[in-house]
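Take a look at the following structure, please.
Every chain is named by a letter (A, B, C, D, E and F) in the order it is written, and numbering of its residues begins at 1.
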Amino acid sequence: ETPLSSPAVLRAMSSSAGPTPPYTTLAVSRPAPAVTHVEIHRPDKRNAMNKAFWREMVECFSEISEDQDCRAVVVSGAGKTFTAGIDIVDLAGEVLQPRGDDTARISYNIRKTITHFQESFSAIERCPKPVLVAIHGACVGGGVDLITACDIRLCTQDAWFQVKEVDIGLAADVGTLQRLPKVIGSRSLVNELALTARKMYADEAKSSGLVSRVFQHKAALMAGALEMAEEIAGRSPVAVQGTKINLLYSRDHSVEEGLQFMAAWNMSMLQTADLMKSAQASMEKKSPRTVAFAKL
Amino acid sequence: ETPLSSPAVLRAMSSSAGPTPPYTTLAVSRPAPAVTHVEIHRPDKRNAMNKAFWREMVECFSEISEDQDCRAVVVSGAGKTFTAGIDIVDLAGEVLQPRGDDTARISYNIRKTITHFQESFSAIERCPKPVLVAIHGACVGGGVDLITACDIRLCTQDAWFQVKEVDIGLAADVGTLQRLPKVIGSRSLVNELALTARKMYADEAKSSGLVSRVFQHKAALMAGALEMAEEIAGRSPVAVQGTKINLLYSRDHSVEEGLQFMAAWNMSMLQTADLMKSAQASMEKKSPRTVAFAKL
Amino acid sequence: ETPLSSPAVLRAMSSSAGPTPPYTTLAVSRPAPAVTHVEIHRPDKRNAMNKAFWREMVECFSEISEDQDCRAVVVSGAGKTFTAGIDIVDLAGEVLQPRGDDTARISYNIRKTITHFQESFSAIERCPKPVLVAIHGACVGGGVDLITACDIRLCTQDAWFQVKEVDIGLAADVGTLQRLPKVIGSRSLVNELALTARKMYADEAKSSGLVSRVFQHKAALMAGALEMAEEIAGRSPVAVQGTKINLLYSRDHSVEEGLQFMAAWNMSMLQTADLMKSAQASMEKKSPRTVAFAKL
Amino acid sequence: ETPLSSPAVLRAMSSSAGPTPPYTTLAVSRPAPAVTHVEIHRPDKRNAMNKAFWREMVECFSEISEDQDCRAVVVSGAGKTFTAGIDIVDLAGEVLQPRGDDTARISYNIRKTITHFQESFSAIERCPKPVLVAIHGACVGGGVDLITACDIRLCTQDAWFQVKEVDIGLAADVGTLQRLPKVIGSRSLVNELALTARKMYADEAKSSGLVSRVFQHKAALMAGALEMAEEIAGRSPVAVQGTKINLLYSRDHSVEEGLQFMAAWNMSMLQTADLMKSAQASMEKKSPRTVAFAKL
Amino acid sequence: ETPLSSPAVLRAMSSSAGPTPPYTTLAVSRPAPAVTHVEIHRPDKRNAMNKAFWREMVECFSEISEDQDCRAVVVSGAGKTFTAGIDIVDLAGEVLQPRGDDTARISYNIRKTITHFQESFSAIERCPKPVLVAIHGACVGGGVDLITACDIRLCTQDAWFQVKEVDIGLAADVGTLQRLPKVIGSRSLVNELALTARKMYADEAKSSGLVSRVFQHKAALMAGALEMAEEIAGRSPVAVQGTKINLLYSRDHSVEEGLQFMAAWNMSMLQTADLMKSAQASMEKKSPRTVAFAKL
Amino acid sequence: ETPLSSPAVLRAMSSSAGPTPPYTTLAVSRPAPAVTHVEIHRPDKRNAMNKAFWREMVECFSEISEDQDCRAVVVSGAGKTFTAGIDIVDLAGEVLQPRGDDTARISYNIRKTITHFQESFSAIERCPKPVLVAIHGACVGGGVDLITACDIRLCTQDAWFQVKEVDIGLAADVGTLQRLPKVIGSRSLVNELALTARKMYADEAKSSGLVSRVFQHKAALMAGALEMAEEIAGRSPVAVQGTKINLLYSRDHSVEEGLQFMAAWNMSMLQTADLMKSAQASMEKKSPRTVAFAKL
């Protein structure tokens, strides 16, 4: 169904031109209809997350949330590796030398900074379009915070993951400790990773459920991610976005509460024309991707 | 411990006579002492869930809840496949052409319908007797909603699962989005299944934890399910039902709250004669299945 | 990094001298700097949990919580097996013959007893230092309650696990039903184990995520556990204990609430000197274990 | 706006004919368009709640929930007093002599009975039409459970309220302990009433917020209740029922969660024709009661 | 303590110059040190809430949140009345004629709008500085949504309040149904107000707890509000903002959870220099308002 | 029903002998059968809460919890006033000069201290016997934390209450911010009190619902408190303690969850002999206080 060969995909999803203005750390493109590709683009810094990055993520995903032409998102990293995590040099001032007249005021300002950083990845969750993340090479520290806020995780055979924060003397505070245990099933493994900062490689990432697919190399990964994104983008956006929103709601509520919210949601959403169009395609044994859905 | 051979079990658990009146879609039998078998029985329609089915599930499980002679339940599907999901032809009127004088009133009625459908499977959870589900062939759409509301999932090697709803233009609203993430450990996989509607086969169902056992063919599946149901039915109903009720309570509460409820529950339940009887059997190295427990 | 050979470790972690006074069921030692080893020590009774054990666990972990020289804990069992579970002979009076003038009063007293037992293992969770548990041989009944309250689970190839309670005529009430489903990813498996009391062996314990590592024999297990405990004990206690506390908080709250608590926590914790020391070591490519951290 | 004089109202709302078949304890009538009057009707037994009453309440409010011609409900008591509470003579068997082979089984059955009783009043909450309750004379025991499940409480000057259960040797278990603290603002008063079983008279009921209006005598009370019910019944049922449903949802959730549910609810409900009709009437300075709304 | 006479205060807090650019509906001033006055300023439209207002409230309170020179806020309305509520003429397009290709898409857009409106008042809650609201004359519809999101409510003798939405054919969806029941103690009164849209006057607003003080006329109200705001602004901002943040957190959580969050909050905040300065002033019998606190 | 005259009561409840060893700040007595009187006894220090007090409260209420001869508790203050709050001189070391090698470690220790203080009052809630508090004169700072953790609040006409913490530069962290809003109905008043530290006198305490009764002077207060405590102590302890436990559970849970816990609780508690004894007394028109109940 994806007519492009892997290398062609890789070219389509590469961003030789560098970041897309006004962004300085993100290259944003549309490799296929209704699919937005967000590439972290600081390859010479191993895609380390600097001040600009944290701000631009919020802007970028706010824009994507409103972009009716986008129905699925792929996040990846430019260059040799996904991300080395926080850019400690660029952020040293904010993180290592917080301001304030006394400890209470310093603390107050630190909390603001943490909350500000947390927002950058919560923005991914708040975006109603599904976000796939394609990971190759290193995914360290803040990188794990990022990918656990995405909906679907795919990686290459050479990918590795590290909850690095404990090695730097802090408890991870941008989402890993909150989301990782709700993303994989083995609590013993979560604790081991977070407390020892050991590396986890692709095979264990797959068997533990952190990623749902492993690809041979980056070209295959990008082709696979694009293919899956197109599958999703080709389906009814009413169905797809309702699914994401309700899956997230259910994560944080009891089953009974999730069912109540679901019913309140779908009492209007079932009145979409997409239902009839999709049902018809289904009866005619056509793919939903052949249907033209109105924007949402 | 099950003296019956697999083919004999299959005969014991088949329902050539068709649905058990007054039911028109369910064949209900007692293949072993204290074990109730509920077979979805519309084989010529691939066990598609029609209007009658949704109503009869509630009635059937209400009855089972009150039936003191039943201590464990096996659910399966008659014919070639577990279930093709919702019977869209039979339900077209209700689902595709809801009534109401304006959008608000139409929505109000749709919500009633969704809630009514949700009840059909929540009835399985509310039933205090453990419910095993034995899946062979296709388990599509509403079928996934159904099996995630059961306590133990077993399947054949040829079983496959599909969260089909997104292909029909809607977000699944009868329980899959609420229960599936609490039933298997990999959130990336849950999202992938729900957003792409791809099929998942038995091996992945086992490795992801959706099912806890895979059998070669249907006869073995039914024998295995019956054997496990008898194991459960042979134990103290005070212990078994208390276990189910508290496992479900804990799913939706914090550990601390779960412990509190557990203590309030067991302060009376530990006063059962079953405790002494079971302890004695245990000390005599006898199986709890040799003990005669009073009804509950 | 652990200079000791496996047999040496085993010697270091054995407790031929028996329980450490004033304890009568626990041998407490310090096999490596900042690592406390708690060995359940009733080998002739297969480490069955008697009255003294339940009380001593609380005392021991209260003491460990306050002990600034301890930064990680390993729990294991002396002798041939981890634990046979509750010592029903010693506890028969309390459990099987509760006092009280009428059913209400008997119930009231039973609830006190259950709550008292629950406390013994909740004490492990409340202890801010990470607790690793090393399991060999049998881990039955109360043993499963115990290990699910620990942070990291490791076992030998010959270990097996059994949620035994249903065989004795009761629903497990000291934590298994509350914690096991939050510890492993497959709900079908949890239900099967709790409702049938079947044994689960090391391989399934690993693939289901109950344990995160399996070792060939007890000497390797103890060496591995000690090694991992030293890894953890060598890192910043501010980082490590903050990680444990927030991982547990997040288990019982929504992601949004977890993030809020995390920010309130770290607004002061990031002001630790450990951050700078660790960052420096990291930049110098040294292990955090080379850093001297102040006590906590 | 109500053309009837008080005595005429009282006649309209009296039920000399006794209970309305098939009910044996409830007289159900329609004293004004779209207003249903449910009168507890066992005046010679001081409206004590017997076995039939608990069952009929559920049936009656299930029916009202589905009755599109009803938009508001008034509950009151026939004869000299609102209700003396549970009919202990009629229920002695079920409550005082529960069946079961051992304490666990007796407890299990008692829990079923309590849950069954709780349902009778939760049915009032689940009914989406607002329920006003008009109380005169005594409102004792189960009567307090009942009225706290209603939406609006009105009473006569001679009304008095008593949380009687503690005097009979039990903790109130049909809703008073759960709802009373969420219905009035003073927790000290709630505790005093529940722990001492003292009577509270109309003035304190008003100043504490238990009732929102006090009337001189029963005729005035019934006229006032009917008048208020007509006010409510005359407004858009989409607006009124949405208001009740969301007020109850918000009681049991955080503000943030309540807002989310509200938005999911109103995204369809605002598409009602009632909005335009009501807005027009409002601009023309007409009462909403002059508008003809479609059924819901 | 406030040296100004009432008329002088009124002049100080009047805004004859009209809205403060860039705002078009809000006049923002600083009538006393560290006190920000936000006046809704569309007096010729009875301060009806138009499109600009909803947007400007978010901007204004975001700015106030960051403004370290502001320690307390007073909100009031210009002209004859507090506010007539939503400006239905200005918002007719958005509210009455929502866009979208089918019902699902229209609903989706309506939900966005509701969420957007809800944000305007949630911004008041998220602002860590205490917000007092001074109400005179009418406070209708959206006005009640607004004031329930403020921390302290004061009014004139001629003020009246009306939950108007049900009269326009909708359930209030900008916060009233969520916050009003958590703001006043009588649930019967809340329900009556929301279901009948009747007016509530100052006396009942006081006795029911909606407002905590009533003043004779607007000049006295503004003087009283300013006086109270100065009291608050004169205290340690570490203490004051910590109090607001924790009061709001506790509203939506159990006592136990509230205590945990409080402890995590104050473990750093107690290290403020304000503590020593305030304690010293207290021992010297000086008002905390005499202390110079650092900014926060 | 209380045969003692007020002065006699006052003598009975006075503690001229000073604190009851081993306590140094509490005088504990039994002024009537089954009623324990806990008097804060540092009259020369205006009952300020010193280090010993915080520890002794936990010990005292732990003991009361286990004392089967106690069925109700009265807390009051010796001398001229209820309590001046925290003894800042005695606690200066712990509170104002916390230890630790860096800010993180200081914070960690402060959190321990706060949690330790919070425990002192949570012990009152955890005690299953109802606790009445009788307040005269000043009730300042920590005093408000204390009384909001009690079940029933009574005061003299000269009592006044002050949430003092904000004046000392901190947000109250021992329970007031968590419990006060759940104890009185007006949120505007709660916020005003906590943010301005103004005094509230007996009349407003009564009208706002903080206290449920006001007495002329201390003798009348103590007589009234004792009388009410005897009323409670004279009723079935099964009923009384079940009521307290469930009222507290319901405060922190939804109505549905509260009902579930209630049913689990009462399924055993209704099997008490107290039920029959109380019912018999009731039918014979005797007070429950004439019944001899077994201990609990």
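We take it that contacts are C-beta pairs under 8 Å (C-beta built on N, C-alpha and C of every residue); 3 or more make two chains touch, one makes a residue touch a chain.
Note that the coordinates shown come from a computational prediction; the quantities given were computed from them, not determined experimentally.
Visitor: Specify, for the interface formed by the sequence copies subunit A and subunit D, whether it is same or different in terms of residue numbers shared by both sides, with half as the dividing line.
Guide: Interface between subunit A and subunit D is built from largely the same residues.
Visitor: Looking at chain pairs A-B and A-E, which one is connected by more C-beta pairs in contact?
Guide: By number of C-beta pairs in contact, A-B is the larger.
Visitor: Could you grab the centroid distance between subunit B and subunit D? Build each centroid from C-alpha atoms only and quote it in angstrom.
Guide: Taking the average C-alpha coordinate of subunit B and of subunit D, the gap between them is 37 Å.
Visitor: How big is the gap, in whole Å, between where the Cα atoms of subunit D centre and where those of subunit F centre?
Guide: Taking the mean C-alpha position of each chain, the two centres sit 34 Å apart.
Visitor: Scan subunit F for residues touching two or more other chains and write them down.
Guide: 103, 106-108, 182, 184-186, 207-209, 238, 251, 264-265, 267-272, 274
Visitor: In the complex, go through subunit E and note every residue touching subunit D.
Guide: Residues 88, 95-96, 98, 103, 106-108, 110-111, 114-115, 118, 122, 125, 165-173, 175, 177-179, 181-182, 184-192, 194-198, 207-209, 251-253 of subunit E touch subunit D in their complex.
Visitor: Within the complex, which stretch of subunit A touches subunit B?
Guide: Spelled out, the residues of subunit A in touch with subunit B are 130, 151-153, 182-186, 207-213, 228, 231-232, 235-236, 238-240, 242-247, 250-251, 254-256, 258-259, 262-272, 274-279, 282, 288.
Visitor: In the complex of these two chains, what residues of subunit F are touching subunit B?
Guide: Of all residues in subunit F, those touching subunit B are 249, 260-261, 264-265, 267-268, 271.
Visitor: What part of subunit C is in contact with subunit F in the complex they form?
Guide: Touching subunit F from subunit C are residues 101-105, 107-108, 238, 268-274, 294-296.
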